[in-house]
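Below you'll find the structure, written out as structure tokens, and then a few comments.
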Amino acid sequence: MRAVSKLASMTDAIARFVPDGASVCLGAGLEAVIPFAAGHEIIRQGKRDLTLIGPISDMLFDQLIGAGCCRKVVAAWVGNVIAGLGHNYRRAVERGVPRPIEVEDHSNFTLSLGLLAGSLGAPYIPTRSLLGTGLLESNRSFKLGTNPWTGEPEVLVPGITPDVAIVHVQRSDVEGHCHLWGTLGVTREAGLAARGVIVVAEEIRRREQLLADPNLVLVPPVKVLAVVHEPWGALPSPCQGFYGRDHEFFMRYHEESRSPEGFRAWLEKWVLGVPDWKGFLELLGTETLERLRVKQPQLSEPLDYGAR
Amino acid sequence: MRAVSKLASMTDAIARFVPDGASVCLGAGLEAVIPFAAGHEIIRQGKRDLTLIGPISDMLFDQLIGAGCCRKVVAAWVGNVIAGLGHNYRRAVERGVPRPIEVEDHSNFTLSLGLLAGSLGAPYIPTRSLLGTGLLESNRSFKLGTNPWTGEPEVLVPGITPDVAIVHVQRSDVEGHCHLWGTLGVTREAGLAARGVIVVAEEIRRREQLLADPNLVLVPPVKVLAVVHEPWGALPSPCQGFYGRDHEFFMRYHEESRSPEGFRAWLEKWVLGVPDWKGFLELLGTETLERLRVKQPQLSEPLDYGAR
Amino acid sequence: MTYTDRELMVIAAAREIRDGELVFVGMRLPLLAFALAKRTHAPRALGLFENGIVREQPAPDTPFTMSDPPNIAGALWSTSTGNIMALLQQGLVEMGFIGGAEVDRYGNLNTSYIGDWKHPTVKLPGSGGGADIASLAKRFVIIMPQEKHRFRERVDYITSPGHGDGGDWRRKVGLRGGGPSALITTLGVFRFHPETKEAYLASFHPGQSVESVRAQTGWDLKVALDVAPTPEPSAPELEIVRASDPEGFWTR
Amino acid sequence: MTYTDRELMVIAAAREIRDGELVFVGMRLPLLAFALAKRTHAPRALGLFENGIVREQPAPDTPFTMSDPPNIAGALWSTSTGNIMALLQQGLVEMGFIGGAEVDRYGNLNTSYIGDWKHPTVKLPGSGGGADIASLAKRFVIIMPQEKHRFRERVDYITSPGHGDGGDWRRKVGLRGGGPSALITTLGVFRFHPETKEAYLASFHPGQSVESVRAQTGWDLKVALDVAPTPEPSAPELEIVRASDPEGFWTR
């Protein structure tokens, strides 16, 4: 039987699979492979009331919050990793600008455990982290429990099951068998915990090339909603083997987003002022792309899956 | 600084790191990469009072039980996958021959969850599996719990932390950075949950060759106690890319182990009658090895970890 | 047309798979049933194996175990046992196949202990993944040879939970999966009453009768009003099964 | 010899790492401290990063974030965040570094909310992995610039738990890790009393004094009887730090 292609444009994938009010996991790879192309399309389409789920979200959540797409954040850290505070995040929490948002404070470990529990179909996983912290008070989704064997206190981290996870990967086939390598963060847990996955890939390859390493396939095809071919789609975050991180872009964003007006101007220029990711890349310029492009391949040794 | 070599003979690795009374996880890869070479050395060294931990253990646990090495089994299934019941397992449980053993009945999922909990340093993981079954009665390590959010019943699977896990892999360096592919089963969970890992490898390769794919490294080097170079060391179970399964060997064992005397004769011939794994392979014969050897490579596409 | 009991079981089992389903396949007869279903009415079904494998097609040579290298090469996914079982617990797996040493009138299976588990007369291998499939799959199908001493009023030990003591037992103990939907034996096909959840004979295999099945059933067997012979295998069905098991290792 | 506050902090931090330890490194100053320790007294230490990386040596060019591609190439292990954090919870990680926006006399850190968390005056980025390291590492070292308004009697919100309200608070709330063992600031090095767990000044940096440190401390500061100036950086130490941060992005 014929493979069913799930190939879609970013516009169509976001329009179909990220409805207003959805819970969306983005940036599961920590500072790497952050799906900025998808995030910008979410902003362009004016999505509202999203719950954003991700460990640290380096700059992307700040943009989505500033653009008014977000109702709630479930994260361990929101800001700009090399620059510091997220100005839009501050404005939203401190003053409700542009909209008030709810925050569920996690640590990286508890966010990982929540997604792991979600991926297992388990109601929660207990941990010894966070005991005695303010997170147990400000994040009401946690429960304090007691180890039934020892009587010791423990924190119960409830399962997190995003409606959709958007993952950026190096390569995929049109059905969504995809390979991610380099920094993993909580990507596998997120993909397995989510009800559906949008795969954004640097390269679309033939099925046989992906299935030649079935251990590396990130999520089973039944989870994949759409496959978007978007080269450079994680910029300005890095993608192992493809491009490095554009530190300057993060620093400039930090400066330009200090005021709501500054952020608005940034948004007009980089997101709303371009029709799609190709427009963003044109603004960024071929010199920047060429500077960031990985030029020295470092290849792994192939694995022999021979069976006979 | 210089890499510290953990290379050891199987004799030394088992002598040093599998003391009498230890809990040992073997056969985490289900029917594949079962560390038979290690198991036979455990028998030759006359280890006693071991707790054997593993999902299904295809034939190996039956041998270790019959040889009197085992005090307790923590497993989902013990027998001979294509032939049926394990005769030694039956004799030990039903009649205490050669020694009585204790059994902790698991399912494959709960054994996986127990090792996962162990690997996380979590006291337990809750599941909806096994409710209403006899396993909750015969395995006293489980507790019946109540989901604190919904009040629904749940089974709490306690963390399992073997003293040592013995894993068979395709390749390793002398420090224990190792790559396993093909069937994984619960191998990663077992390696991470165990206090220490004995790596048994088909090939010893240079460090750079292993670190060229750091995502595939099975366990961090701090977990590795010893690295044993033992080609064909998983026979008669298969090893992806290296050799297939020797079904006949399993069938013959099933017939020959029907009586304690038959098993004793089998043991004398295949285990006690040879000094080491090379002796086993000689008995097996080069024709068998040649028949089982994988002849058609099926290579995965290399991953580019390039960073600049 | 001649065929074996086991060939008929395979064909009856294949009919239980619906198109597009995620199916916990296991080995032996269910694997052959999956192969048959894929090539007939369920081309979009996917097969799961508890060693971590998802396959679209069975391996070209029917493997002896699910971890044989040909079952991994060409898989859609080869992951951990935990990740596959997690799909079950997420409620994504429509059906699974299980065998057993003993079954009772409510479809509970024992593969652990004959007699008192504290002092068993026979120690059976145990659950494997059977208890998980029985607990968590939306429905499951039992395949086993029928002999009176294996078809018991009450099993000594529940390894893989069926409908417990009937009615809404599964809900009461907290099990989410739907329980057994069919029991396929060497003599016939049983289904479960929607209310009482007791097994009843839905069809007897050609050559059998209600009486011959009853004679090999250890409880007071209920029989469907419309009980009828199990449909005979078709020639194409038999051909596919035999192509999947050319040496007859599993079906002869 | 001239050097910056931050260079001195890096060097003081490096001295906290013991040979052979597993160290949660993080970025910025701790990463430079790790690089220095590796090249001096702790050649067998291993660095952990919460994106899933274990490294023997820092990446050749000091990366800006732990997920920059040079930090992955050449790693000993690149796994999930969960698997790295699991090493912490297994009790295998001897030490980690944490920064904070606010610290109090018991070494509790706030990186979440200034003011009432329900109506904060400042929303800080949050825990990241800080709370996990503080909860679970055998000990941890705090590195932060010292300003009076950040060194508070009591933090508004505990993100990363220090010694709570002192004494055996950690044991009482169930925390297993040992808590903070040192607090390294732009002005001096603080340690924690073995019984009361209160921070006290162990050394002031060259050019500072007990009084100048006290002036930037928001609580009634205790001082070690043997308080002394922090040892000056040696030329080789400074050379290594500068080689690791040639453009002075972190230390100038």
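The first chain written gets the first letter, and so on, giving A, B, C and D; residue counts start at 1 in each chain.
The rule is short, and it goes like this: a residue touches a chain if its C-beta (ideal position, glycine included) is under 8 Å from a C-beta of that chain, and two chains touch if they have at least 3 such contacts.
These numbers were taken from a predicted model, which means no experiment stands behind them.
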Starting at subunit A, fewest touch steps before arriving at subunit D: 1
Comparison of B-D and B-C by number of C-beta pairs in contact, larger one: B-C
Of all other chains, the one whose Cα centre sits farthest from subunit D: C
Chain centre separation (subunit C, subunit D; CA means) in Å: 58
Between subunit B and subunit A, distance of the C-alpha-averaged centres to the nearest whole Å: 36
Subunit B-subunit D separation of Cα centroids, rounded to whole Å: 40
Where subunit B and subunit C are represented by their mean Cα positions, the distance between them in whole Å: 28
Subunit C residues counted as touching two or more neighbouring chains: 53, 68-69, 72-73, 78-79, 82, 88-89
Residues of subunit A engaged with two or more neighbouring chains: 113, 120-122, 127-128, 152, 154, 181-182, 184, 215, 240-241, 244, 294, 298, 305-308
Topology of the chain contact graph, where touching chains are joined (line, ring, star, complete, other): other
Chains grouped in pairs wherever the two touch, ordered by label: A-B, A-C, A-D, B-C, B-D
Complex contact set, residues of subunit A against subunit B: 113, 120-128, 143, 145, 147-150, 152, 154, 156, 158, 170, 179, 181-182, 184, 209, 212-213, 215-216, 240-242, 244, 294-308
Interfacial residue positions of subunit A with respect to subunit C in the complex: 1, 119-122, 177, 192, 211, 214-215, 217, 219-222, 305-308
Complex contacts: residues of subunit B adjacent to subunit C: 29-32, 55-56, 58, 75-79, 81-82, 84-86, 89-90, 93-94, 103, 105-110, 112-113, 116, 127-135, 137-138, 152-154, 181-189, 237-238, 240-241, 244-245, 247, 294, 298
Residue ranges of subunit C in contact with subunit B within the complex: 27, 50-53, 64-69, 72-73, 78-82, 85, 88-89, 110, 112-113, 117, 120-132, 135-136, 157-161, 164, 169-170, 173-176
Subunit A contact footprint on subunit C (complex, rising order): 22, 43-44, 46, 53-54, 68-70, 72-79, 82-83, 86-92
